[in-house]
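Since the structure comes first, as structure tokens, the remarks are kept for the end.
A, B, C and D label the chains in the order they appear, each numbered from 1.
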Amino acid sequence: MKEFERSRLVAGAGELWRLGTTARFLEAVGDGSLPEEAFHRWLVQDYLFVEGFARFVALTAARTSRPAQGLVIGGLAALDAELGWFVEKARERGLDLGVEPHPVCRRYVDFLIASGYSQPQEVLLAVLFGVEVAYTVAWGRLEPAGPYAEFIERWTAPDFVAYVVELMQIAEAHPHPEQQPAFDEVMRHERDFWRMTWEG
Amino acid sequence: MKEFERSRLVAGAGELWRLGTTARFLEAVGDGSLPEEAFHRWLVQDYLFVEGFARFVALTAARTSRPAQGLVIGGLAALDAELGWFVEKARERGLDLGVEPHPVCRRYVDFLIASGYSQPQEVLLAVLFGVEVAYTVAWGRLEPAGPYAEFIERWTAPDFVAYVVELMQIAEAHPHPEQQPAFDEVMRHERDFWRMTWEG
Amino acid sequence: MKEFERSRLVAGAGELWRLGTTARFLEAVGDGSLPEEAFHRWLVQDYLFVEGFARFVALTAARTSRPAQGLVIGGLAALDAELGWFVEKARERGLDLGVEPHPVCRRYVDFLIASGYSQPQEVLLAVLFGVEVAYTVAWGRLEPAGPYAEFIERWTAPDFVAYVVELMQIAEAHPHPEQQPAFDEVMRHERDFWRMTWEG
Amino acid sequence: MKEFERSRLVAGAGELWRLGTTARFLEAVGDGSLPEEAFHRWLVQDYLFVEGFARFVALTAARTSRPAQGLVIGGLAALDAELGWFVEKARERGLDLGVEPHPVCRRYVDFLIASGYSQPQEVLLAVLFGVEVAYTVAWGRLEPAGPYAEFIERWTAPDFVAYVVELMQIAEAHPHPEQQPAFDEVMRHERDFWRMTWEG
């Protein structure tokens, strides 16, 4: 997406940016070859991830100054709705969301919660931007068509992209030496998460 | 308000409940004798309080399980809007919100932030209920008329009361031995805050 | 004490420094007129304060870089021993330590815990220095004689003073705009705490 | 070690206990076949781990009631000394401790820090016991001889074992449904850490 081409944090991540936003799983969504089992694994683990991610975003709201705080609270309310949407999508497919998180999911959430309590707000905003921009760009490489069109559309909707642009602007307007390492770590976790959705 | 007559926490607070929800300040709002200076002090200090309270509510959102978490996030989004509304009310009156919090305000917020990081979710919900129920009942004793009608209406609106009822139900459905002491402490801080608005 | 005459934070606190380190209670210790009831109140409330203070120091240890962290951990181990010593002093006098903290004590601890979770390490070190320097200087104005000689000696012992000097050096070598306001707030709480020991 | 045969948490971990306390790395220490490169990797990464672990133990000290708190503070002071000892051992071998933590090390520390801020004290004590008992039992399977005798002796010293026994007793005297899952997660991280020391 052109919106993020000028991002300092995206550029600084180098090869990790590509690794965190491309995946066999997504290619298979695009060419229609995705095994149903992989999609179900993604759906359940992504729900469990968003549960933890929402806690991180709430911590960020607790630790951020205004006006950034208002933007973060808006994002948190959207995640709250998203959790309900995941429950509905899982019910439609008869999937059980009460399972254990995969170790890869758990470690991503551990990273977010540990950061949420101990990093300064500049870093929290860079992490939040990282998680959201990775998702919108990763899904945004696909045409919103086929059996998963609803999912592709969700993370490429203009409102969501506009929110991620605002996060980028706020995070990058408040530089901090720990922003890039934290953003890079998000990309490593995104890479590992996508691999897990494909490989189990 | 009848809605809260059966509240276990309200009943358990005894005399502190009355002290936390009645005030010379409010009587003076009701009989039209409130000095403008006291109203301005309240407006500025309440804004500063809500800034800290919003951080507490965000911490509660970070540390609460679903479905309570969804309710708390809704409350946080309302507080975010309320902060904007306070800014507007202050601007209409030419008041500066960039002042130091009064020691009484600061200690209330310290209590909330310390609790937010260290108490279990059952206690966080009791504190959140305490802050909100004190406000809706204190303002609810007044007729929504006169120069401050907008303020009285804000904290007695049916949607707000319904939210506070839901908080009561969730908090009281999950009892914990530290709930009552924490709720009582909220009432002590409410009492002190109202005194400060009157006395300076 | 000469050691702290060059402290930037002490000088910056102005009149609050004097208010936080002098007290009717201490004068009465010095001239032998202290009511036993006041001494007992101090002993019990100071124990309850140190319980909360130790949690703050542990949070500081969790959030501080080396080498400051080592100094803080040493201070924490000393506080752990001090809690045992308080228990012994209370037992000798037949005092019950299982009482409620006084509101003034509780609010001081709330300030410390809220700071411990949310302030950056530079500010945590300034707060830790503030609490310790206030104690060593306040007691250090007295001759170590009379019925309370053991107490005076405790907070004026050369090892303790050397520890406080190290805290000053580390805190003041890492300036931060929030250090002075936090140090000043410590002095306000010290002032209030001493008044409470005298007035009840 | 016989001391831990009756541990409820050790027994409950089942196969994970064996996986977390045995390793190719340790076998190679025992039979003298350890590549120097692997030992150096262990030494550096274990130092970086202990840096993070010390933060976790400080958080546990901040969030634990007495008398457990005193035991934890004693353990923290020992870790502080251990960090100095690691620096010395690294200097003797010309190793640079200022490197990046390995992802496996980082994720273990993320788990500890996330737990330290968000788990109740019963779970914190179970995690602390897990980390320490894994180390004393893993090293305790080796004869304290050969070039690494100093390392084997360190984690099998009677004082250290006695400390770990006390942690077991306190943790297991305060059961909580989240203790076993957290203890098991420690074992998974121990297993992964040992693998990393061998495989790089």
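Keep in mind that, in the parts below, a residue touches a chain if its C-beta (ideal position, glycine included) is under 8 Å from a C-beta of that chain, and two chains touch if they have at least 3 such contacts.
As the structure is a computational prediction, the values presented were derived from the model and not from experiment.
S.K.: Taking shared residue numbers divided by all residue numbers at the interface, is the value for chain C and chain D over half (same) or under half (different)?
M.R.: same
S.K.: Could you let me know which interface, A-D or A-C, is made of more C-beta pairs in contact?
M.R.: When A-D is set beside A-C, the one with more contacts is A-D.
S.K.: Provide the C-alpha centroid distance between chain C and chain D, rounded to the nearest whole angstrom.
M.R.: 34
S.K.: Could you put a whole-Å number on the gap between the CA centroids of chain A and chain C?
M.R.: Taking the average C-alpha coordinate of chain A and of chain C, the gap between them is 45 Å.
S.K.: Could you work out how far the Cα centre of chain A sits from that of chain D, in whole Å?
M.R.: Once rounded, the distance between the two centres reads 32 Å.
S.K.: By residue number and range, which residues of chain A touch two or more other chains?
M.R.: In chain A, the residues touching two or more other chains are 63, 117-118.
S.K.: Where on chain C does chain B make contact in their complex?
M.R.: By the definition above, chain C touches chain B via 103, 106-107, 109-111, 113-114, 117-118, 185, 188.
S.K.: Along chain B, where are the residues that touch chain A in the complex?
M.R.: 51, 54-56, 58-59, 61-63, 66, 69-70, 73-74, 76-77, 80, 83-84, 116
S.K.: Looking at the complex, which residues from chain B come into contact with chain D?
M.R.: Going by the criterion above, the answer is residues 63, 117-118, 120.
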